[in-house]
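Shared between the two complexes below is chain A, which pairs with chain B and chain C, respectively.
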Partner chain A sequence: MLQGALAGLAAGGVYAVVAVCLTLMAQLVKVINFSQAAIGMFGAFIAVTFADAHVPQWLAVMLGILCGVVLSGVIGWIIATWLPEASISARSAVTVASLLLLISMSYILFGTKPKTFRAVFPGPAFEVGGVVVSQVTVVMVVLAVAVAIAAKIVLSKTGVGTSLRAIADRPVAAELMGVPVKPFAIGVWLVTGLIVAVAIAIVAPTQTSDAASLSLLVIPASAAALLGGFRRLDLAVIGGLALGMIQGATAQFPELSLVRDWIPLVLIVVFLLWNQRKEVWDAAR
Partner chain B sequence: MNSGAPDTLVLDDLTVSRGIGPVISHVSLAVAPGSITAVVGPNGAGKTSLLESISGVIQARSGTATFGGADITRLSRRKRAKLGIVHVEQGRAIFPSLTVRENLQVASRDRATIDRTLEYFPELEKRLDAPTALLSGGEQQMVVLARAFAARPKVLLIDEMSLGLAPVVFLRLLPVVQEFAATGVGVLLVEQFAQLALGISSDALVITSGHVTYSGAAARLLDEPETLRKAYLG
Partner chain C sequence: MPLVDRVFRSRRLSPFVYGALALLVFLALGALLPNYLVYLAITAIVATIALIGLGIVTGTAGMIALCQLTFAAVGAWIVSLFTVLQVPGGYLLWLVAGGVVAGLAGVVIGLPALRLRGVNLAVVTLGFAAAADATLLKTQFPGAPQGTKVPRPEGFTDDRGFFVFCAIVLVVIAVAVHFLQKSRFGSGWRSVAFSERGTASAGTSVRLSKLSAFAVSAAIAGIAGGLIAGQVGTAYPAGFNTIQSLALYVLAIVSGSYLLEMALFGGILWVLIPELLKRLGIPQDWGFVVFGALGIQALTTNSNLGQDLRNAVTRRRRRRLQAAGAAAESGLVPLGEEDFATALTTAPAHGRAPRALLTVSGLSVTFGQVQALQNVDLTVEEGTIVGLIGPNGAGKSTFVDAIAGFLPQHEGTVRLGDDALDGLPPHRRARLGLRRTFQQDRVPPSLTVGDFVTFISRGRATVAETAEVLEFLGCPPAATRISNVDVGTRRLVEVAANLAAKPRLLVLDEPAAGLSHEEHVAFGQRLRLIPARYGTSILIIEHDLDLVRSVCGSITVLNFGEVLASGDQETVMNDPEVLKAYMGETEML
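What follows is the complex of A and B.
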């Protein structure tokens, strides 16, 4: 069971990274970015395509990550340009469309068969009580924690962070004070696109490597972000890692294999109901 | 009207539309450095829309707005802010998740500027590290004004500063605006408390149902209540 839980930690790391990015985007640019993992997926598929064309692997991975960053920036630019004062629901609907578009495009451009990704961090890192912990697991956990801590420091200790929080509170008022709201919003999209593209490039070789499976990593990540109420980065990280470990542990029991993929959805429902617990009848309806 | 005078805001025949039709039509005025122009009128007259069209929150349908002779009618909100046109929105537009100090830092990272600003509002000095959301309504309005002052405006647009405030707080803030204007900042002051606003203003504009019904000296409206009444009635 411990072996399973530790094996699930790599997936938990990517859930945590995506959950942190989802939380940042919900807080700073008021969007639940359902296309977050699909952007990383698309970048990873680009990397495989370049690698298959005998481009050196490091360069192929870089090009894939760059593609993810550009894609994220383009979606961010579209939303910042045409939906600057739209509701979070309207903005999030655009990302659902982007998710479907990216999956469709990947089927058209790369085919429907799963891809073989070459590991960026191959092999084990160390053993704990006879259980092997892979390099990917270590890198993903460190990346998740590092991203959350870095985001916290930038937001609370820097001028850029202060401006970003001001934009999150009142974008129009911030713009009236001369804050460059649109460039900052696109910047958030670019940075989160970079982080997720890197995370998925690292973790893709350990996951089911078809377009839909990689894109739908956003579901367990959303469950993790919900644990932190799309506000707290620390709980998003903890939720992501815990979810990965629970899924890894349940994978050890064949009779639970069908339940495994339902765990994130069950947690999403539980968290939503928990968040509604103090609502009065009229407000909750 | 000298539209080329430095740091003078000039509106020429400005019309602003919202939704189905114009909310304010054919407004012309000039706000010179150091002057206060009161904009008064009944609710729904179009006063807020006028300020929003100057700061760029909404775009004017026709007419022009110039600042120091340069056409700003189609500039973005940010570019207008960078030119020194600062808009204090209605309803205490604080950044609630930021502390008082951070609210001021959004406008200026220069410590000397912030210190100078706090001289107008000594009440805020002991609350600098408090979350702005926890302040009283009066303190929040001080934060909003202080933030606008810290942006070192050349023209300050103030919308309904008295909204939701106790009269005593509003009376505390009016002289501060007057003092700040005396440093060479043009102020366009939209206010429901007409008498108080006219009392600190050199010029006045009365807007009723989207049309200017009086434009001239503020003192005349104070001296001739019948003129003010007629202007309100359109």
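What follows is the complex of A and C.
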């Protein structure tokens, strides 16, 4: 069981990283980005393509990450330009369309077969009580925690963070006060694109690595983000890591293989029910 | 008018006529289409059915649902299972059973997401699609490993026959959905997409509206899935995967599939684009890239092909009507003094002893540290008009929200006649006869004035009553689209519709904002006629003291959440405390 849970921690780390990005996006630019993981997937596939063309691996990975950043920036630019005051639903719907576009685009460019990735961090890191913990696991968990803490510090302690929160709460008022709303919004997209591209590049070698599976990592990640109600970064990290460990632990029991697929959905439903225990209306008045 | 024309113009008959015509076209297509196209045509029809269902959720009720083909898989699964088990009843019955089970699945999936916004439904449905997808890949459809074939219905066994069968199912579903959209259910769906508060205040349960939209959509998808099982014989998970559900959602947005003919257009695109790409030797995955790009375009410009086409048609028609001089003038005109006096005196007098209708006692509302209302008492007697006034921030709108049921955490009691309202949700209070209007525009622009009156009155107002109340308040005629009505007049339409619901108490939250001076006067006259004419008492919140003076017998003044003065008009308006609150201390010196 412990072996399984620890094995699932690498996946948990990527859930946590994506969940942190989803939470940041939901808070700062008012969108649930369904193409969050797909952006990372696309970057990872670009990296593989370059690596196959005998580009040095570090350069290939860098190019892939760069591609993810640019993609994210383009989607952000589209939304910031044409839907500056739209509802969260309307914005999120755009990311559903871009999710579809990215997955089918990757089928065309890279084929539908799963890819073999060369590991960025190969091999085990250390052993705990006879259970091996891989380097990827350590890196992912550290990355998730580091990103959450860094985001928290930037948002609460720096001038940029104050501007970002102002934009999130009152975009029009912020704009009137001279905060460059659009560049900041696109900046959030660029940064989350970077984080997710890095995370997927690291974790892709250990996952089912076809385009759809990697893109749909956004589902367990949103389950994790829902634990924090798309507001709290710490709970998003904890939710992601816990979900990964639960899935890893259940993987030990073949008879639970059908149940395993439904764990994210069940958690999503449970967290939703918890979040909505109070009456909620669509408008304040 | 020739008979043909009359049949087409009749609102009740025309759906059947169009349905019959569509069926004739499909019959002709079934006979004429070349063999290799018949199979594709079946796919287009099935996709159309799924899109019609999706249109209800995404277009009409404004939610994001990403698991339409998973519901289709449920339908296909049931039909396959019944085939294996050899359940008696035959294909048609299995098809219906598949629809019912998919509808139930929709209820289960929809329930947790209902009280929150559409985005949560998107997360849940995407999760459901992916989970079901993974499970189906492992389990396969019943009978699939053995290669069991789902039998097609008798008489429709070859492809041409099955095409006709699917076309019949499509036409039946399209006509049924047309009537559903026109019904109060349909208005509820549109209203919920526009404003949940407005929907609840109309006595319609927000949850039930959303859930019914989602369940109907899922059931229709289930039927589409059952048809797919009949089409392919043995269903495989690849036909129902998550990516295809995403693509179908995007296509529903692009085509505007809440409009029935546009669902058909979408269904045709669903097969046409991949087929064209195949002919051109381009990988078929480009099809979804095209859908994705079109989807981004449609979503960012908030437009879709269907609505664009319809708008173009209505613009042409309106121009023709205007050319014919048919533009109807409406507006609220003050009655002459004599007419008004006659109207007042001829109104039937109650003659009963005044009875308390609304009794609010000890009402307090706190938001965190802020005491918005403290210990407010207020009574509205039957057949009277009571004014609630006070400076900005005095707590007037909070008071309305509290008695209408939007602030369940308030303290104190609210009674309407003999009914205690405490703890009831807004839609239950509305059904008991407490209606309210909003300061903000809460009238869904996608409805016509008549549909809106029917919806708000919960179907109680007859055509004649609707016309009467609309004329009484100088509203545009029932067939007018609300999107063509200016915002000030929309407020009047809102009042008229709520009057048509014949509530015991109507709470008007600044109803005269946006009206001209002349309309103000006319509106005041109409208000005074309402209690006798419709048996409705009124509590009015208004900043315009002239209007308040002219209509209210008694007035309550709120200031900083407390009752500053209460009583008959004369006393309250001359109360120095009230004058101070309104004019400020220095003015008094």
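Rule of thumb we're sticking to: the second predicted complex is superposed on the first by the 279 of 285 C-alpha atoms of A that agree within 3 Å, B and C clash if a C-alpha of one lies under 4 Å from a C-alpha of the other, contacts with A are read in each partner's own complex, and residues count from 1 in each chain.
The working rule: a contact is a pair of C-beta atoms (placed from the backbone, for glycine too) under 8 Å apart; a residue touches a chain by one contact, two chains touch by 3 or more.
Owing to the predicted nature of the structure, the values given are computational and were not obtained by experimental measurement.
Considering only touches as defined above, state whether A:Phe110 meets chain B (first), chain C (second), both or neither.
In the superposed model, A:Phe110 contacts neither chain B nor chain C.
What is the contact status of A:Val181 with respect to chain B (first) and chain C (second): first, second, both, or neither?
A:Val181 sits against chain B, while chain C stays out of touch.
Give one of first, second, both or neither to describe whether A:Ser92 is in contact with chain B, with chain C, with both, or with none.
In the superposition, A:Ser92 touches chain C alone.
Quick one: classify A:Tyr15 as touching chain B (first), chain C (second), both or neither.
neither
Which partner does A:Leu216 reach: the first (chain B), the second (chain C), both, or neither?
So A:Leu216 only meets chain C here.
I'd like to know which partner A:Trp189 touches here: chain B for first, chain C for second, both or neither.
Neither chain B nor chain C is touched by A:Trp189.
After lining up the shared chain so the two structures overlap, which partner does A:Phe45 touch, if you call chain B first and chain C second: first, second, both or neither?
In the superposition, A:Phe45 touches no partner, neither chain B nor chain C.
Does chain C touch more residues of chain A than chain B does, or is it the other way round?
Looking at chain B versus chain C, the one contacting more residues of chain A is C.
List the residues on chain B that touch chain A in their complex, please.
55, 57, 77-78, 81-82, 86-87, 89, 93-98, 102-103, 105-107, 109, 147, 151
Under the stated contact criterion, what part of chain A meets chain B in this complex?
Going by the criterion above, the answer is residues 159, 162-163, 165-166, 168-170, 172-181.
Taking the complex as given, what residues does chain C use to touch chain A?
Residues 62-64, 66, 112-113, 115-120, 122-124, 126-128, 130-131, 134-135, 138-139, 195-197, 241-243, 246-247, 249-250, 253, 283, 285-289, 291-293, 295-296, 299-302, 397, 401, 406, 408, 439-440.
What does chain A use to touch chain C in their complex?
32, 34, 78-79, 82-83, 86, 88-90, 92-94, 96-105, 107-108, 212, 216, 218-219, 222-223, 226, 257-258, 261-262, 264-265, 268-269, 272-273, 275-276, 279-283, 285
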